[in-house]
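After this come two complexes, each holding subunit A, first together with subunit B and then together with subunit C.
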Partner chain A sequence: MRHVVGIVLIAAFIFYVLSLVSGLFIGPDPEAVGPVGRQVLEQSTREAGAVNTVTSVVVFYRGFDTLGEVTVLFLSALGIAVFFRAGGESANRAGTSGPAGNTEECGAPGFILRTGARILYPFFFLFGIYIIVHGHLSPGGGFPGGVIIATGFFVAILTGDRFHLPEGLLTVLEGFAGLSFIGLGLAGLFSPAGSFLANILPLGSFGTIFSAGILPLLYAVVGVKVAAELSGAVGRIYLDPEPVEEQ
Partner chain B sequence: MNQIFTVTSLMNIAAFGLIIIGLLAIFTQRNIFKLIIGLNLADVGVNIFLVNAGYIDGGTAPIFTDGIRSAQIMTDPVPQALVLTAIVIGFGITALALGLTIRLFEKYHTLDVKEMRGLKW
Partner chain C sequence: MVGPVLSPILLILVPLSAAFLIVLLSSVLKQHGPVLAFLALAAEVVMAISIYPAAAAAPIEVVIAGVRAPVGINLIADPLSMLMVLVVVISALLVSLYSFSYIRDEQKSRYSALFLLLVTGAVGMLLTGDIFNLFVFFEILCISSYILVAYHRGGLGLEASIKYLILGSVGSLFILISIGMIYGALGTLNMAHIGANIDLLPEGTRLAAAAFFLVGLGVEAAVFPLNSWLPDAHASAPSSISAVLSGFVIEVALIVMIRVAGSVFQITQVFPVLMVVGVITLLIGEFAANRQPTLKRMLAYSSIGQIGLILFALSVGTPDASSGALLQVINHAAAKSVLFLVAGYYIMRTGSGRIEDYAGLGRKMPVASFLFVLAFLSLIGVPPLLGFFSKFSIITSALSAGTVPSLFMAGLVLVGTVVEVVYFIRVMQVLYSSRQQSVSIESGIPAGALVSILLFSLAFAAGAAILTPLTQAAGSAAAVLF
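What follows is the complex of A and B.
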């Protein structure tokens, strides 16, 4: 059964490569972008005011979709929270995982990791905030910046120092960020444009950091939410869930 | 199109190859971690395929920096925005799958899918 699947898949791949060689299905490379993309490229600087067109699409033209995307991320973080909070088995796990258990099984984290993490820790946050704030000007934005900040937390956890994740603060930040996104969207309903997530702020001068209306604000909110959710998810997996129960 | 393989077709082959490798891993492996790695490989392949769909020959990134004011040579921003979404969703799936894997290992004390009772079909 497995061999059949393998043979079929590899045959499909060979057929695909051969069809490309002979130009069976796929014509020559397109010389220009499609109609939607061309329209976005022509109008986004005027309508959204962002230098980065991808950010215009993600936050301005498909802002509602991004709200759904953040919700998916929230659901996966919620799922992890359910896995690692509910059920009585978390007490058994406390002895075999987490920083204290890892030192016995895999050896203590080395000198280089600990010292490097201590030096790099502030820079993770600085770089993450930079990426979030410049999301409408350069490649980056709320999603990558949030991941970079969460990486800072992850490195701090890996060093094995007794690290307390500020879970209450993270939850508050996450909820506040989600509410801010929806609040900014609702504010658009009462603006002259009268649509959800409409631009309510002046566009400013093109290419500066205070430009593009509410785009930087929305992306900053997304960045805070992503950072809080990922830090919470990583922390719940790696840290002892209930260290008190074992004693 | 005087050459056989253009940039687009080469990237398409790479993307399709990654999807095939991922599907092979999903269908033939029994270790849960290898299944998740296969899922991720297929995910990356689909992302490359989507980004590649908006590529034009010699195009630049769709960012209006000072030097480039012409929108004519920019690649399509719409598939790139779609892939941004897809990457985040893929991350969510992977994180949830890894969390579920830890729970399954606690319950069955094995990572082999075949040895997990109650998952037979």
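What follows is the complex of A and C.
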């Protein structure tokens, strides 16, 4: 009974809120694009030089937000590193390696699965890089491309390949990519343009790989960062860290 | 502008790059991450101090990516945001000094990186002029707080962190809904631009969007009834983190909340409601603090009380009251930090969180305990400490507002103060009792931590001496608010 009352109350509240904002769920009407959206559509090819307007918005007009989003991802990976740190309380995790415990329950991965996965890795990598590099030309970019590269890494974990987490490499990539983003932005700040993330490179010829100034560079950095952080986040949960060499 | 100044965007970029650098160099730096963080925060304080005079003279607008607002994102450094940035970065610098000796496990480089990101989030929230960018920095602030609350990985910390995470995420979602409604209706995300066009919104949409926004930020600002996460989170976090969470994180959220309500949504008609909410928050916080057997929970509830007081003062809606509120923010940042930082060593030395176990500590750790008492007195508002002047100006300006409800509310604020006195005396009785400590205490507080506590104490102890410039700064900041 209480559940029913609760559901009715919640539904009533939602109905009330929606009745206040009748315009909210009406489909996108091209005439209704706000002043900012219209301005972006008009200016983006001239200012940002990218064929893909979505990329212009994500990396150029709202590049500062993207730096923040990448930071949120970085934070999450850092949080996972804090909670799943090597040694100490990790002893209660099943087996020596996380996925081994799971795979034994449902049968060890067969030869064909493992070999097939190994053949696939380079293609994941290649496809991910393609998506990142063409971010300013076609749908895609740093975020999806980075996820695709990380997916190759997940497949390796899921098929039960045993390897150590290349933690050193991942942290270097995470830090380096973050600093490169800021570095590219600062180059704009200290250039004659005098503004963080200003486009300091020539826009090139519209529609080719070498166009849109710093946008492809920024997106490549985002791609590296997303790939390294997602791999690190999942890897830290499932894999043993690299053995530390004693000197 | 007064001469060439540094770009305020560096205030966001320096801690952020330092956090990335700590992670990049983690194999080289090993346990020395905190040193890098300290240096970055020291640079941050120097920059903030050098930018402040120019921003106080005239607001500085920072254009990002060479695209002017409202199409691009901009930052606004004005007297209010820079005053709060100063509170944030100075507190953060002193707390990082304290952390050298307080945080000693093998993950302290990661702790420093998280701490720097928390500062990045707070500074970004204050400086940004774009409502979606505000959301991004809000997320950075929240997520780093969730992680830091559970940093010790104990059961209580994890429980508190998950509670905080769930409530905080719902709050973030509310903010996002509000931003979506505004963008859907007005097609812009720039706060000044929204503020200029707010009249185009139907009244219902405007109120609904404002309500979502206030509730979302209200969770982080610990406003009643959205604050049930706070006592657990602030009590089970490492004490250095409790100090920043209570010292500036909730205040930053509150100031931003009031600022958005006043200048973006322009819903000053709800301020009387906020005033009542503030007083309820104050009374609930103080009465609950009075009943706590553990010191850190008591301090956490007292933070709820203080946030209620600040909310009350801000929603009186006059420049005088708001300037009193900002003075109280400064006083609370300094005093509550001292209380939490000293409490951290009380707990470390006695191995207990309960107040009754601190018998005689006042003599065993004389300097720290003296500063602890002083901080408590400043929170209560005893002259000649800074807390007296801030509370006094809040009460007098509420009285001079002259409406019957504000008179009544001012009376209730005084009731809250009486409760504060009651639990203060309870703590003092134990600290300076002649009963012997069951555990022997070998050492007091390390020098670095003590210096940090001393410098915090200077802010409220000597605050009265520099009251004129402080009031001026708070006054010009309050002028931005209304």
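Keep this in mind: the second predicted complex is superposed on the first by the 200 of 247 C-alpha atoms of A that agree within 3 Å, B and C clash if a C-alpha of one lies under 4 Å from a C-alpha of the other, contacts with A are read in each partner's own complex, and residues count from 1 in each chain.
One rule holds in what follows: a contact is a pair of C-beta atoms (placed from the backbone, for glycine too) under 8 Å apart; a residue touches a chain by one contact, two chains touch by 3 or more.
Since we're looking at a predicted model, the values are computed, not measured.
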| item | value |
| --- | --- |
| Which superposed partner A:198 touches (first subunit B, second subunit C, both, neither) | second |
| A:9 touches, of subunit B and subunit C: first, second, both or neither? | first |
| Partner chain in contact with A:58 - subunit B first, subunit C second, else both or neither | first |
| Partner chain(s) touched by A:231 [first = subunit B, second = subunit C, both, neither] | neither |
| First, second, both or neither for A:151, with subunit B first and subunit C second | neither |
| First (subunit B), second (subunit C), both or neither touched by A:211 | neither |
| Partner chain in contact with A:159 - subunit B first, subunit C second, else both or neither | neither |
| Which superposed partner A:72 touches (first subunit B, second subunit C, both, neither) | both |
| Touching partner for A:179 - first (subunit B), second (subunit C), both, neither | second |
| Common ground on subunit A, meaning residues reached by subunit C in one complex and by subunit B in the other | 17, 20-21, 23, 32-34, 36-38, 40, 62, 65, 69, 72, 75-76, 79, 83, 89 |
| Residues on subunit A engaged by subunit C in the complex (per definition of touch) | 17, 19-21, 23-24, 32-40, 43, 47, 60-65, 67-69, 71-72, 74-76, 78-79, 81-83, 85, 89, 168, 171-172, 174-176, 178-179, 182, 185-186, 188-189, 193, 195-199 |
| Touching residues (chain side subunit C, partner subunit A) in the complex | 7, 9, 13, 16-17, 19-27, 62-67, 70-73, 107, 110, 113-114, 117, 120, 124, 132-133, 136-137, 139-140, 143-144, 146-147, 150-151, 153, 180-181, 183-190, 193, 204-205, 207-209 |
| Contact set on subunit B toward subunit A in their complex | 1, 4-9, 12-13, 16-17, 20, 23-24, 27-28, 54-57, 59, 61-66, 71-72, 74-81, 84-85, 87-89, 91-93, 95-96, 98-100, 102-103, 106 |
| Complex contact set, residues of subunit A against subunit B | 2, 5-6, 9-10, 12-13, 16-17, 20-21, 23, 26, 28-34, 36-38, 40-42, 44-45, 51-54, 56-58, 62, 65-66, 69, 72-73, 75-77, 79-80, 83-84, 89, 92-93, 138-139, 143, 206-207, 226, 233, 237 |
